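Below is one structure, written out as structure tokens, with a few remarks after it.
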């Protein structure tokens, strides 16, 4: 008991000084889902595999809607994607004041829309 | 910022309620209390009494029975108060959003000020969420 | 009869991170009877498992309980593997042992800390939780997440552990062992701890068996029953003896868990020493058909999954019986006769996991 | 009584050590299990359309043994909590979530173990929507 107290007294603090100093995040950490829609073919494999139904793929509209607030960071979508469009970022998803959906729209449709308006 | 606001921001007391979580977020909140993260550096204390608390941390999906308890706890807290929803379940029901006894997130029961996503969120994210909530509380 | 009062204990109580309500009937300060009221965390996972695909269910059952998530997934995957008639490769079996023993270790650390907190020993709580962070770092590095590690898959594991990480685990375990040597004697020998736990919440061996106790609650009554004796995953090759104590009180339950910490450290070391090379995933073929019961040992005791499948990609029925569900009747038997101030210690001594219980 | 299943019984993997009993002889069988010092593990209910299938799981030295009763819908099942008190929780659960009437449970929660008043009863029954 006394040994314990003394060794704790003289060892350096265990505390990680969080906001002042962020810890380096380990490799391969499943932080948050990152989309890269450049190669996306809107096959919908990610939406099919997602256990939380956080991803919606609208193929005709070439639109991917990702609900960050349903996501359970299981990395199923990243494994299912054959085009390598989905990656798990090391950084965790940051808190926010409002709920927002992340919407990705493919390039062809976007120009169409711009052309119309 | 008057002295009252300043002192409130320097020592926010936290009330934690599990409205139907899997425990993952709860142990991460407890992990914030441990020497490694040590939120007591910021004057944060985890209290059991809603009347002493400024910040309500809610985890879990919120089912029909715990919604009543949650509402009750929220009503008992003195103003100004902020609510931080922690984890995918508390935000939208997460993986459980289609279960029969689940209310798909706590924002239907109590007004949520800060959403902390993740399953389970890392302690860093929870601490960040609480600090964001305090900023919001000071603007009130 | 005049001094009888009913006190509700919970659902929101400082000693419990999770909501459970006990209606305690008291005669002055002594508990006469206790009736548990649950349902604050009931979600309906068993029904959801019938809706989702059987492959997605792995992620659902992991979230039955955030403390022993890997072991839930393991139990489910072993059941599906039996139904599909496949076997995980040897390396995957050893990796499963490593991760489930690390889970047990971190769960026991967590419990020992909470238990210390329940009888008012906050510095001991801090010690255990500080040590637990070393284990959480291992999960972070090897599995990519701190709590819900999602590494178990049907047919094996989703991730491998590299040699560098294996060495890191061994180094961490040395440190954990060193810290355990410092903290465990306090739990076992300290005068005030003994004063608050010895003889409290006692049940007999017959009662424990009759009331269907599971895990450390059963083993603290001298019944050498541990599902790891079934030899699932690689436990059969590691040589395993369950830890038992004979007194059946809170102190004995703490002792069982304290000794199991050391056992887990040894099992992980042994598993890393014997870890074979090779594949980590057998590709499943066909769809599950039939019925099977899968049992594994969770930190809290015996976990039982009943799976019924009819050859489609959805399960017909998934029944989850968790150890705390089995330990609630013994808890009801432990409480009468104790004093109100002992209730938190007794409730914690079964290591309650309410989200497991209600699913 | 044969099960209503499309798959032939010999093709499917089933649980070993299962014994079919009638509702009337259930309590005697359970008493016998108690006398032989079997540990009560749990019960499982399955909704099979026109009837409920209830399995009682017992453990003895790491071996599982099971009793199976079939209860037509609308009929009730006697509680075994007079023999094994430990069964009271799971019996309440089955009663509430499946809508199978179980009589004389030692601690009866009156269908409010998990669910509150005013919600749809028996959510686990097969005729209830999955979502």
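Letters A, B, C and D mark the chains in the order given here, with residues in each chain numbered from 1 onward.
Just so it is clear, contacts are C-beta pairs under 8 Å (C-beta built on N, C-alpha and C of every residue); 3 or more make two chains touch, one makes a residue touch a chain.
The structure displayed is predicted, hence computed values, not measured ones.
Contact tally for B-C versus A-C: the pair with more C-beta pairs in contact is B-C. Between the Cα centres of chain C and chain D there is a gap of 25 Å.
If you average the Cα atoms of chain A and of chain C, the two centres end up 30 Å apart.
Annotation: 22 Å between the Cα-based centres of chain A and chain B. Contact of a single residue of chain B with at least two other chains is seen at positions 35-36, 65, 94-95, 98, 100-101, 119, 122. Counting partner chains per residue, chain D shows two or more touched chains at residues 114-116, 123, 130-131. Multi-chain contact residues of chain A, defined as those touching 2 or more other chains: 14, 51-52, 72-74.
Arrangement of the chains shown, judged by which pairs touch: an irregular graph that fits none of the line, ring, star or complete shapes.
Chain contact summary for the complex, chain B toward chain A: residues 35-38, 41, 84, 88, 91-95, 97-98, 105, 107, 113-119, 121-125, 127-129, 131-132, 136.
For chain D in complex with chain B, the residues that touch the partner chain are 114-116, 119-120, 123, 128, 130-131. Against chain C, in their complex, chain A makes its touches with residues 1, 3-4, 7-8, 14, 25-30, 49, 51-52, 72-76, 79, 88. Those residues of chain C that touch chain B in the shared complex are 11-14, 17-19, 39-45, 47-48, 51, 59-60, 63-67, 69, 110, 126, 129-130, 132-133, 136, 146-148, 353, 355.
Contact residues on chain B toward chain C in their complex (touch as defined above): 16-28, 30-31, 33-36, 47-48, 50, 60-61, 63, 65-66, 69, 73, 94-96, 98-102, 119-120, 122.
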